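Each chain carries a letter (A, B, C and D) given by its place in the written order, and its residues are counted from 1.
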Amino acid sequence: MSPRPFTLDEWFVVLLARTIRPDETVFHGFGSPCAQVAMHVARRTHAPDMVLVEGAMYAINPEPPFIPPTGNDAALKQGAAYSMRFEEFFDAALRGDVDRMFLSGGQIDRFGNTNVTMIGPRDRPKVKLGGGGGGCNLSATIGNLTLWTTRHRGGRTLVPECDFITDMGHRTPAGSRTELGFPGGGPQWMVTELGVFDFPGETVRLCRTFPDVSVDEVRAATGFPLDVAGDLRPLDPPSTTELAAVRTIDPLGVRKGEFDERELSRVFAHDPGGGCAC
Amino acid sequence: MSLRPPRDKRTTLAEAASAVADGAIVALGGGLCARLPMALVRELIRQGRTGLHLVGSAHSIDVDLLVAAGAVRRCEESYVGFEQDLGLAPAYREAARNGLIEIAESCCATILAQLRAAEMGVPFLPVVGVRGSDIGSLHPEYREIECPFTGQKLVAVPALRPDVALLHAPSGDRYGNLHLEQPYVLDERFASASKAVIATVDELVSTEDVTAAGITVPGHLVSALVEVPFGAHPASCYPRYAYDRPHLNEYVTAARSGDAAGYLQKYVHDTGSEDGYQKAIGRLDELTGWSASTDAWKELFA
Amino acid sequence: MSPRPFTLDEWFVVLLARTIRPDETVFHGFGSPCAQVAMHVARRTHAPDMVLVEGAMYAINPEPPFIPPTGNDAALKQGAAYSMRFEEFFDAALRGDVDRMFLSGGQIDRFGNTNVTMIGPRDRPKVKLGGGGGGCNLSATIGNLTLWTTRHRGGRTLVPECDFITDMGHRTPAGSRTELGFPGGGPQWMVTELGVFDFPGETVRLCRTFPDVSVDEVRAATGFPLDVAGDLRPLDPPSTTELAAVRTIDPLGVRKGEFDERELSRVFAHDPGGGCAC
Amino acid sequence: MSLRPPRDKRTTLAEAASAVADGAIVALGGGLCARLPMALVRELIRQGRTGLHLVGSAHSIDVDLLVAAGAVRRCEESYVGFEQDLGLAPAYREAARNGLIEIAESCCATILAQLRAAEMGVPFLPVVGVRGSDIGSLHPEYREIECPFTGQKLVAVPALRPDVALLHAPSGDRYGNLHLEQPYVLDERFASASKAVIATVDELVSTEDVTAAGITVPGHLVSALVEVPFGAHPASCYPRYAYDRPHLNEYVTAARSGDAAGYLQKYVHDTGSEDGYQKAIGRLDELTGWSASTDAWKELFA
């Protein structure tokens, strides 16, 4: 029996899921369905012992029957023995007890700084974005950050400089994390619809690509000089287990809301030779 | 101020909302599209309140509607929007673009620290983060300080004592004892840190019932209480009702096309009261059907 | 029907109760049965709308079936709709939301400073007392304090200077409350087994006496010059309602543990002409 | 450190206690004569632990017994004693008189602030009081600071991060989820602020049962769990048992007459284990009879 084809949104959340290590305590912020689905995928595949903190619910290890389109809905705490209080979660994250957070941004620079606050001037911003939630404190103390964006291709997301830095990456005009004395390790991975990036030092580097995206396409969409890993490799496709997890967890397809139509039409198939989960 | 004795605190929505002065610092309970004090928000708009300084964590139609109505001077939340699903908050975005509101975007953890300072009776608290972010540039009031023990640089944030917290709860008794379901978000902290607490409840219950359910916000912090069924609509208030996604979409669509005023006229001013509002909405009972089955629940979000 | 006679311990807790104003939020500390009984007496007589915070339980307005000999016992939260968390109570008290606290001391000076920490030198104290609980912060911020001692007569409690100041009265070597910027009003009343005192300024003054105690006896037992009110008056006896409340609330007589045998043998009767509650 | 995954954390009392090192900063759960982690206290004494730095709010036989056994270097509580009823703590008083322990008496509110600092990840917190009291003279580590907003003088107290918190709960599951009854005292704060949490429970229950009862201390903070019926004895652990006043009196009387060693020999060393202890005590079941009637309850305190 040959596996069904899979779509970019499915592969994308699997790639986010794979940035989670077993046993980690992981959190996602508001309006982040891809990260949200990814966390549940990780818990049902390679990280069954993770401590999953369900976004705006602060529920621990829930088994939601489906992912609703809002992050504060009782569906998201079903099956959890308990929820943290708001302050219990923030305290844990600020004292260093949370290992990973997923962060996105309307703008992201090469240091992994993100902007979810505003585009344009501060007194009269052209676009007031939603806002940073708890990010400007959490990003200082949480163990590692996984960044993601589904809007790389348009060319306006990966920018030379953010109009506003909401959440600190590895370095801002105020200094580096070390200089500021922040205990958190900062951005470790960045997943976009064009590829996967790591942070070998303070800046981002392309290390894995999708089969239907060329390095030149990635470079053209990136607003700063693209650093490419010497051992650049193609991404491992999702396993059938991972795909099944995505489909079970997100039957409403809430994750798809993060993508342009064009990206959603990208369909892939496992090549007969295998393609295992990494 | 001292704690409030267990007296009957029931009043009308109009009377309760009239205790919120123009220009007041108003803390909004709930979060995202859950447990928002929408009946009070609508009543404040009906009463023509202006100049409010809103404080909250993650919000949506509560803040956007008050901004659309011109009731707001300053926005101090960590997030205002309709998540990935319905997108940016239209009135908030437009008012920011036109310089009609002060954008004092903050951070959940900073607001928590500021509320805790008020709650604990100290004039400030230190936080570790914020530096490195531009959020500090929206808050010239923050100060850098040095830990007297470690020498570590920290940011001192001042106590934040809202004039009034507006909370909605699924149930409560006449003394103001409120039962909430998780997530409580900042409601408990708002209740302790604010000078006054005005609460609406979907259902007024006996003290025995609210005690059995679990008292989340104690009556000794609550100044006034109004029974308003569906008082959080179009936000959810579990275990009673899910949020009204079609209605939220109707609002966002109207406001995005520049017709927030039309929405306000139809659903706030013309309705005249929450009874009128509930009649105008109509399909409220559908929202309570979430618990029938997983399929019924999913159907509400389709 | 003539009322039954009453004893000093009964009158004493009634006098403590009368220092509570209607509607006040009131708290007592550890090992304070007289104050504990007094709070319940006040709530059942002249202050039905007070917010009674039950000592180590932090239960609000409980109706205990009896007062047990320990302050942390489930009997003390019976009938309360809820209890505060430890930190909820301390926060409320420290931000000024608690109106009155009862405080005692192994030593008390004329400024109303109290010592419940140690007698003798600090490195090797002759007697290590129990300790101050939350007093050294609470006494700074709580609205008013009612002090009491049942050990005035022995002459070693009201001292010229405390060996150690655990809880601040109106002035210590560090300055006055105003100088220290403390919002709380400090000691307002002091009740002893010899009389009732007020604080017209920063220091204590005898203002009411028991019928079986002379001013000279009080003076002899007091380690600092005794200030006596110009309108010194006899204490109003407990009403039958107040006495009934004491007896109902404390059937085990836990309050008696605070008194020497000699004091417990003091018995009074209402004079036929009346003697109302004040 | 990160939060602890939901794994089976059950172990033996000996194993659990062996994780407490000589010289460790040990937070003691419960308060006065309620919910004290006495089985762990006895096991630490059996294992000959020394040099402990005890931290707590209001305590009694837990601290006094550890002091009597010579296990303690420093006492940092707000109160140690047997209230009005049984009076001063005999071993604690005697050790203080002889300079055998450091008396670092603190204040409930100060300890709370210090634990919260650890819990919140900041190196200090400010408190309003303390000045004017001599308690500060027992804590040369405190610093005076000025509020950067108001100029108000405050006392900065350093974060307090115990090496281990010892908690006793009436019930809990194998993952370390604990249910407590009010008052929780500092147990929740200890659990968050400490590097490790060792818990004993009177009864091990299913996750469903502890969830239904209400999880007070979440398993993600707990490192080890031991089922020890009557593990708080002679302290109370409601809703299961009241405190054992005759036994407490037996201890206080022995210790006051200079024979704490005799008590320790009989009830700690010679018993060898908690099974042995429970046999030596005998009348444990009487203490569960409190709920039969008010008279039965009163009888326990007569």
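Keep this in mind: a residue touches a chain if its C-beta (ideal position, glycine included) is under 8 Å from a C-beta of that chain, and two chains touch if they have at least 3 such contacts.
The chain lineup, named per UniProt: A, B, C, D = CoA-transferase.
Keep in mind it's a predicted model, so treat the numbers as computed, not measured.
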item	value
Partner chains shared by chain C (CoA-transferase) and chain D (CoA-transferase) (touch criterion as defined above)	B
Pair joined by the larger number of C-beta contacts - A-B, A-D	A-B
Furthest chain, CA centroid comparison against chain C (CoA-transferase)	A
Distance between the centres, which are taken as Cα means, of chain B (CoA-transferase) and chain A (CoA-transferase), whole angstrom	28
Geometric centre distance via CA averages, chain D (CoA-transferase)-chain B (CoA-transferase), whole Å	39
Approximate Å spacing (C-alpha centroids) for the pair chain B (CoA-transferase), chain C (CoA-transferase)	42
Numbers and ranges of chain A (CoA-transferase) residues touching at least 2 other chains	94, 141
For chain B (CoA-transferase), residues contacting two or more additional chains	120-122, 127-128, 152
All pairs of touching chains, each written as two labels joined by a dash	A-B, A-D, B-C, B-D, C-D
For the chain B (CoA-transferase) and chain C (CoA-transferase) complex, residues of the former touching the latter	1-7, 118-122, 175, 177, 192, 207, 210-211, 215, 218-220
Contacting residues of chain A (CoA-transferase) [partner chain B (CoA-transferase), same complex]	30-33, 56-59, 65-66, 68-75, 77, 83, 85-87, 90, 93-94, 117-118, 122-141, 164-168, 172, 174-175, 177, 180-183, 251-252, 254, 257-258
Residue numbers on chain D (CoA-transferase) that touch chain C (CoA-transferase), as the complex places them	31-34, 57-58, 77-81, 83-85, 88-89, 92-93, 96-99, 103, 105, 107-110, 112, 116, 127-135, 137-138, 152-153, 181-186, 188-189, 236, 238-239, 242-243, 245, 290, 294, 297-298, 301-302
Touch list for chain D (CoA-transferase) against partner chain B (CoA-transferase), complex	113, 120-128, 141, 143, 145, 147-150, 152, 154, 156, 158, 214
Interface residues, chain A (CoA-transferase) side, partner chain D (CoA-transferase) - complex	23-25, 49-51, 60-61, 81-82, 84, 88, 91-92, 94-99, 141, 143
